[in-house]
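Each of the next two complexes has chain A plus one more chain, namely chain B in the first and chain C in the second.
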Partner chain A sequence: MTGAEALAAPAPPTAPRRNESSASWRLIDRLGLAFAWFLGVIFCLITAALVLYLFVQGIRYLRPSLLVTNPTAGYNESQTGGFFDPLLDTVVIAVMSMAIAIPIGIAIAVWLSEFGRPSALARVVESTIEMLAGTPSILLALFGTLLFEAPWLGFLSRTSGGVVYGRSFFAAAAMLSLLALPLVVTSVREGLQAIPSHVREASYAVGKTKSATTRRVLLPAARPAVLTGSMLGLGRVIGDTAIVVLLLGNTLTNVPSGSVPILSMLRGTGSTLTSYIFYNAPTGDGDQPGKAYAAAFVLLLMVLALNLGVDRAGRRGRDLRWSS
Partner chain B sequence: MEFLTPPPVRRLAAREAGLAQPALPSANGHSNGNGNGNGFPLVPSPTFVGGRRRAAPSTIAIDRMQVDDLSVDYGSKRAVNGVSLPIRQGEVLALIGPSGCGKTTLLRSLNRLTELTRTASSEGRITLDGVDIATIEPTALRRRVTMVFQQPNPFPMSVFDNVAYVLREQASRRPKKPALRGAVEEALSRAGLLDEVRADLDHPALRLSGGQQQRLCIARALAANPEVLLLDEPCSALDPHSTQVIEDLIVKLREDVAVVIVTHNLQQAFRVADYVAFMYLGELVEYAGAPQLFSAPRQQRTKDYVSGAFG
Partner chain C sequence: MVVGLVLAMFVFVLHEAWPSFAHNGLHWFGAGGNVDNQIDAIYTSGDNAARAVYTFHAWPLIWSTILIVGGAALIAFVCSLFVAVFIVEFAPEWMRAMLQPVVRLLAMVPSVVYGLLGVLVLVPFINNDLISAHSKASVSPIITLDGYSLLAAVVILAVMIAPLMIAIFVNGLRAVPRGWLEGSLALGINPWRTMWKVGVRTARPALFAGTVIANARGVGEAVMLSMVSGSVGFAPNPADGLAFIYEPSRPIAATIIDNVDQLTSPPMRHTLYALGAVLLFSAAMLSFAGWLAKQPLRRYGVLA
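Coming up: the complex of A and B.
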């Protein structure tokens, strides 16, 4: 027996304990911990049940044909067609809204984070963004109906006999972008503020202007934050119903206005998956639960894909950081 | 350990006494290298700062900047109070002193970075090649007086673009990549980084090691072809090996560019600097040649600081 083996012989009989024992905790703390565990598990179960239920119902009712046919009139669910237009419109509305929200959101975030003078104006902008984030979308929708019925905005929707209809893709996308805007601004601003000040100064210290620094250094560094904010905003846009119902006209199929190919569609009315579900839910006008479940399943898949995207966007480039 | 012993004084004493001088063995039994302690005066007061000087004193000295009675305030707090000193090409000037003594503020005043702080205000005069820097457009000034920071902070782009970024905006028209290649490689090679990154020029700069990142930052600062290079504790976030590489680099650079380095590390100041300015509570307490300041400080506060009595 070598010396080393002799030393190693009286090994501890049990594996080393990694965590401290909670035996010495006060009772209330132990109860609190158990309660927190319990709540966490319950929360997961509820979410799992919801997703599972929608999956089961979705698989039960979703047929590939539903994705490529349009809603039609019929006596029962087998005759009322699918939801091609609502699906298409969901994508169109999402793209339009984000095309408005992302550039404006980035611009506001850059101004707030890098310029922000006069500070009184910056405070006003900040609280406006916060207020917008807390505004129920139905209020935005209501405001939108007033706004887009104004005669000078008549070119954005159908107009007949001097009366502006005020419901169109343009109107809905404009109001939906206001839903996404606070999320984009908040995320991008946090991304910019997370950049250590010495990185900005390093750019100034080699003779770069503030605009060059913002464009070439700060915005690329904040790209993950831009992505995260856009994904969160997109989720909000896809999931909203009130604005679509009030401002997109809520016609089950697209009703174009005018004769210019794409413009006529965007000036016309339509519906999205959410408003389709709203219409077909058991409490809605259509009352076709099977169709509602199928559409909800598709919507759920889109939202899950988005969440995955947010996760990826947030994780990307996290290893490429400076120490502060 | 080597740089802690022996005090330079001993070697010098022997040398000035005209003894044939092999390198004295240091405490750990190894030779301490070149054994040069050039220009040390024979002095009686022992200090705790010592070690190997990296380079012989420079032979050239061209006046680049002159700081004249500079005072800087942040709001009502005075950070720098009536400081005057010269900055010369061919010499490394080290600013030392305890935290909050104003050495970084003084450094940032040299390329007007203090103006980014809204509450900052300054009096006095700083000239660059005889011209008051207050009259030079800040971005133009900062291309002539560039700065490297404590934390390595390459920009979120490729190694090549980090250097090219500095060159691009300088030219009136944006030159294309092949046109910049020569200048980029020259800057990288001046910073001693080219051989290590030649194959990775298109890789993200943030993937380099900390020491490489810091040398990239130096390359970036050199790409603008500045007259003065400011270094704000450039090694304090780095490992000893990277520190040594960068210190060697600093000594090499002083021929082409005036170097000012802020450091907390007295041994480092001793190793790289030709002149040292000791600051305390915003005042310039003592400005002297490095050997003199460390071995025979004139002021009691300097003596206390370099011997570790406070700070």
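Coming up: the complex of A and C.
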């Protein structure tokens, strides 16, 4: 290479040269590397196939009218209507459960990472959160059924003759928020721990109290982490089926309970996109695969949007990286 | 408050489950009779509190859970380990930039969508192209093979839990101190060997923790498995040869979600909560094991 060429070529990045030729390796090592490549490509292919297939099927079956009509019972695709109520309920449920999960999650994360006294209690809370993350959603659903059938929580759902039905938007949202909680806590905690201690000390030095520091300095700095955590949690909330099937009543359309406009809907039952898909899959009672594909397509679009959001938030978090 | 809630969950579920355990003793976990018939008998006896039936032998459901989760965890573990090593050390920049969103997306796709694709794509494929008429005939006196099978459940569950494992494995491998790897490289050992002999060994606790957490997810997966596993209370029998992997079954969590509308019958309710209690216990033990496994990492100051 002549000097002129070297100057013309862009400076190579200073990344450590990892990928030197593997030709000198033993055969078995080269086979292993090839296998790793193969699996990596397979994973991309699986995802691409999944997304593309749902896109194709979604475009085939999705009609704008599906989005604004309600499901009805019927025997073929033209009779069963659309999924306006499930779509609406998905949004309502997502908003409600995140409204519970985000404040509690942030509070727990701040307490764990900034205060954490007594430390024994902090450790218990920490492992409880970890266990909550590992608890299957079907168990939360079973527990929720027990909890919301208790008489003193009867005002949250339909009651007939003293028997509490225990299925409502409130019940489902409360349990779904438990599903999102560990993700929010973990993410916010990581965000707070990534803030170097000199930032806190600078805040103390200008006379701010600990709580003011947390509120004014640490939480704004951890905002990308809060965003990431809530979006991951949201992903789990809109993707969960078991809790919705058990606790939202799984009725085709919204069945309000009571006469107060909004409250009656929230006390009533309904279904979300996931339970709609479950119902319309060939194994469910509805058996309308076309409708299920269309709903799955809408759901996948939501998940893709969330995924993109997580990516964005992550990038913003990286831009904010503290130079120490 | 959260601690109290989780404690309350244990207490409530166990309390509700107790009658079923109490009536069956250890036979609860044993084999015997047809589970589906037992479930029917329990459900219909709910009308009459005096003659409530509790006889229940959950072995086919437990066996199905073990087979499906074990199989999926095995496949997912091998794949995830290779992919994690690949992402951390060997993938070129563009490949890494592609794999990370891919893995996150796979983890975020709702299980019901996996179930739908399984039912509409994988199950017909297995039924039409993989199962030979010979294997169908060989087990036809006992069970019909129609594509809803162990194989479908294991494959889809593996795809579902692999992203979880990959995420935790990657964190673990990234946390391996750079100097340890460079020490090995300096001795002239090639990067691939180094990664496996030093990196993977150091990250062993993270590997264990990831596997265990993914298992907990798999054990609790109800919706997808209820859709593709066939939902028959049948214990697949390895003695059937190759037809074994095509046999339908139904794991514990799927049983609960299949029978939720029977919660109104008191004995059935107790039985379902007993199944839930088994799930809760195994999930709690798995996450406890995962937590224990992370402790040695912490001692080295390696935070995963």
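Methods note: the second predicted complex is superposed on the first by the 302 of 324 C-alpha atoms of A that agree within 3 Å, B and C clash if a C-alpha of one lies under 4 Å from a C-alpha of the other, contacts with A are read in each partner's own complex, and residues count from 1 in each chain.
The rule is short, and it goes like this: contacts are C-beta pairs under 8 Å (C-beta built on N, C-alpha and C of every residue); 3 or more make two chains touch, one makes a residue touch a chain.
All of these numbers come straight from a predicted model, not from anything done at the bench.
Colleague: Between chain B and chain C, whom does A:V217 touch in the aligned arrangement: first, second, both, or neither?
Modeller: first
Colleague: For A:W25, using the defined touch cut-off, is the partner it touches chain B, chain C, both, or neither? Pick first, second, both or neither.
Modeller: Touch status of A:W25: second partner only.
Colleague: For the three-chain arrangement built by superposition, which of chain B and chain C touches the greater number of chain A residues?
Modeller: C
Colleague: Which holds for A:L306: it touches chain B only (first), chain C only (second), both, or neither?
Modeller: In the superposed model, A:L306 contacts chain C only, not chain B.
Colleague: Applying the touch criterion given at the start, work out whether A:A202 contacts chain B, chain C, both or neither, answering first, second, both or neither.
Modeller: first
Colleague: Look at A:D285 in the shared chain and tell me whether it touches chain B only, chain C only, both, or neither; answer first, second, both or neither.
Modeller: In the superposed model, A:D285 contacts neither chain B nor chain C.
Colleague: Looking at the complex, which residues from chain A come into contact with chain C?
Modeller: 15, 18-19, 22, 24-26, 29-30, 32-33, 35-37, 39-40, 43-44, 46-47, 50-51, 53-54, 104, 108, 124-125, 127-140, 142-143, 145-147, 178, 181, 232, 235-236, 238-242, 245-246, 274-275, 277-278, 281-283, 289, 292-293, 296, 299-300, 303-304, 306-307, 310-311
Colleague: In the complex formed with chain B, which residues of chain A make contact?
Modeller: Touching chain B: residues 196, 198-199, 201-209, 212, 216-217, 220-221, 317, 320-324 of chain A.
Colleague: Quick check: in the complex, which residue numbers of chain C touch chain A?
Modeller: Residue list for chain C touching chain A: 2-3, 5-6, 8-9, 12-13, 16, 79, 82-83, 85-87, 89-93, 95, 98-99, 101-106, 108-113, 115-117, 119-121, 159, 162, 190-193, 196, 213, 216-217, 219-223, 226-227, 231, 253, 256-257, 260, 263, 272-273, 276, 279-280, 283-284, 286-288, 290-291.
Colleague: Report the residues of chain B in contact with chain A in the complex, numbered from low to high.
Modeller: 111, 113, 116, 138-144, 146-153, 155-157, 165-166, 169-170, 204, 206-207, 217, 220-221, 223-224, 230, 237
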